[in-house]
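The same subunit A turns up in both complexes below, where it pairs with subunit B and then with subunit C.
And now, the complex of A and B:
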């Protein structure tokens, strides 16, 4: 996306004001409204979809497989598909690495243990159907919903199988399936734009073009955790405003995230509760 | 702290609460058979009577006419065509449009106008610095990037449509040219209702170029040169600029990339207000006109916090207000 010099200048001037005047009049810490739906793919253990008003959309499916724990290097595998980008392109591999890395380091793997020999392995498949701004935050919010609503079949065989040669067996009643863990909260990524002294949550594609820097913070269990990444969020265009990052702004961004991200988690959880309540009554996902 | 201040996550709703109010207006098109007007989908058989002439949006196999798009069937005398509900902008001569330069070529610019093909803007169809009487020269060809370069936004008029469907534009009027002092937004072109004026001034010192192609430019009103043509005070000087004025204003300034230095924060927030109103109209799929934007402005004054206009509910309320307002005034 290319902006004309006059557009860039106007947008930059508006965003460095205190408080920033964003094109959609959002406040610094306001996200774009999302539409979300969970648990609509009958063949997956968990699924979620998030759509933005501008048409950005991400669908995630979580599938599980019983594996021998010793034979697996990790119990989570993430795959991301973005139309218009090759699977081995930098863009997609960066997204994939960020998400995989965050989940592997922060996912409480003990919840996936079945027996002393066997575990569940989770396959998280993401399709970004359309995106305008940098999609990592969109993907991670969707993965939050998908993992949170993932249901795994109930184990009926013995947990302790060290002595016996036995494969795990499961209850064939799907109603007995259990969520990964009642208190389990997957980690999420939040994108922030840095411009002047301002930090803007969830920058839109136009805003990304004039940002001085971009920050990606990860948030888990009510606080900001590592990794904290800084990058040029404007993909496929040379952002001439891009420059170094003031250290103070990093501290500030952590404080802001600690302040506002619990609200995001709360909103996501509320949505899941609502989806649970009228599971059968409304089935439309569009 | 309220969750709603940070993020709003809602469930997808299956239906939009608004019906297109302009639906009834279609009846003023002359048709032989108005009762038969219906929605068709691609591949649907419209008629097996070979008497019909096939128009846009149809195809013809073995004397049978099928629809090639999703839309409404329109029959004018013997001509059968399907008007698509959505789709890319189809340029027509005389349309006032907003476009973005995508390519600088030999004596011409390519312009993205949201149509199937990029439009062309010939070097001979722009006002060159130095006035209308100047001929274009080789130096002009060499410095085309100094006038307009890739990414630049301009408003222009569609001059002709070539046989291959490519539109040719011109900016030979002072109301056309490079755009400055504001922001750009896009809506589906089907929502723009064609009218006499597509450039107008709005309350709050804001002007708007409502491109027929769905590209919209919102900017600070230029005090010296009001855009509004229907404004009686200055209708003469903006409709028929004298040659002297053209020469005065056709200096390099018309291709400047510099914004005004005096854009105040209140103007900036007014621009975002209009931005959100147009987004709301587009969300509710209401046709966009100058009048509706103005009514939306009045309705939006109820919202002190402009950020809340991003929410679905707020957008729907604003559109409902506009519809009620129109009903009260007896429009439609």
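And now, the complex of A and C:
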């Protein structure tokens, strides 16, 4: 239990107001401030770190490997490590399934094709160093940054190797490495809290304790896509306010996300650009 | 024997260092001010380690409460992307368990545990990249994080790895060198010659041990100075902020 009954009641009352009064003076559609850094792991093809102001932090590395396309069931493998939770616990496997599922269904695999026989396989490894609120949206925003900054070596051999027995060869020069695709935008997850008639973006841990329901929407190519998940975001305590979900609010949440999420994507893209400019001078994680 | 020449007749190693040269050592403290009591980040060459300390705090289970002093618990997690070839590592791997136990024993002795009876000091270590000298970097990171957490210690525990190539001791081995020559990791308390940590995973001829230890101890004193610089730099930064308010 994080909050006392009195605190819960107070927070609940302020959040059901129209407009909601959120702790931290955020508006309904405002995210918590975050700081991020990309490209700090020289051993990985792409890396990113996001830290929220409450101390939640996630580090993601993207590594690639050349594989025979026919032998692989999927070209993307996601692994999530949360200290204090076993790898086979419900919490970790839910996070892992959600992210894997989203990436596998929406990732344009043709970008990973090298030749008619070979492809790149991407290994996306996440470490959630610490977290307070439900970390799925934090992980997915970090994976957005990591995938956007992933650079793969340039293929120098023939693309069509149907007839010839040849393994792909690559340019030795890392400066020739290419991003996955210039227009590629990885899908992301956005968490929304439902309380009364209000929909709150990115609920903090205190807000999660009093929410009536939680929604996780996925967003790709400027619009909301499936899966849309509803769940109790307060995973570490039983939430007595938890209720069923009004259908109208689902439609409303989709509209809200369509309206505000492009701004999130734009902010992340700006962040990458700024990081690119400083890249030569500063490769440090902190 | 490997195909690579680890130590050329001219006295140069594969990364261009001389036998007695350290790799780039960089450290930061208080890197995670909002999520734990003390934190640090250490880069020793291409080895990168994050360390976070919680405590001294009330232990979650009675069995961890020792009425004579604090219990120190180390959680080690080595990322699967930390080596060039991605490899998933389990926590129960023999080498990991041994390193964890070594660190726990070292810091149980170096922290003034008797000042914190019935408490738990929990240390989380995340290895982001490894290129030799893993245990040394971890111990250095733990020292810095404990200082940041304000836990009383007798002095810095500064650590370094050293190898023996034929008759020459080589200081602060990188990953390639570590694969081929026997490596000794030592941890020294402050500017003394007292060893708090000593780990040798293979064999080393006894007649060369003294010279090897000698250079290693000198190196740990240098590492201690580098860590002290960072701590003082951070301290000045904090006190300047206090003065403004």
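Here, the second predicted complex is superposed on the first by the 285 of 286 C-alpha atoms of A that agree within 3 Å, B and C clash if a C-alpha of one lies under 4 Å from a C-alpha of the other, contacts with A are read in each partner's own complex, and residues count from 1 in each chain.
Here, contacts are C-beta pairs under 8 Å (C-beta built on N, C-alpha and C of every residue); 3 or more make two chains touch, one makes a residue touch a chain.
Note that the coordinates shown come from a computational prediction; the quantities given were computed from them, not determined experimentally.
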Joint occupancy of subunit A by subunit B and subunit C, clash or fit: clash
Which superposed partner A:70 touches (first subunit B, second subunit C, both, neither): neither
More subunit A residues in contact [subunit B versus subunit C]: B
Contacts of A:53 with subunit B and subunit C, given as first, second, both or neither: both
Subunit B versus subunit C as contact partner of A:129, first or second or both or neither: second
First, second, both or neither for A:44, with subunit B first and subunit C second: second
Which superposed partner A:248 touches (first subunit B, second subunit C, both, neither): neither
Single subunit C stretch clashing with subunit B - from 150-158, 168-176, 204-212 or 222-230: 150-158
Intersection of subunit A interface sets (partners subunit B, subunit C): 51, 53, 284-286
Footprint of subunit A on subunit B - complex, ascending: 1-3, 5-12, 14, 100, 150-153, 178-185, 257-259, 263, 265, 268-269, 272-273, 275-276, 279, 283, 305-307, 309-312
Sites on subunit A touched by subunit B in the complex: 2-7, 9-11, 13-14, 17, 21-27, 29-37, 51, 53, 201, 206, 259-260, 263-264, 266-268, 270-271, 274-275, 282, 284-286
Interface residues, subunit A side, partner subunit C - complex: 41-44, 51, 53-57, 59, 61, 63, 65, 79, 81, 83, 123, 125, 127, 129-130, 284-286
Subunit C residues touching subunit A - in the complex, by the definition given at the top: 26, 28, 31-36, 41, 46, 48, 50, 52, 75, 77, 79-84, 86, 88, 124, 126, 128-129
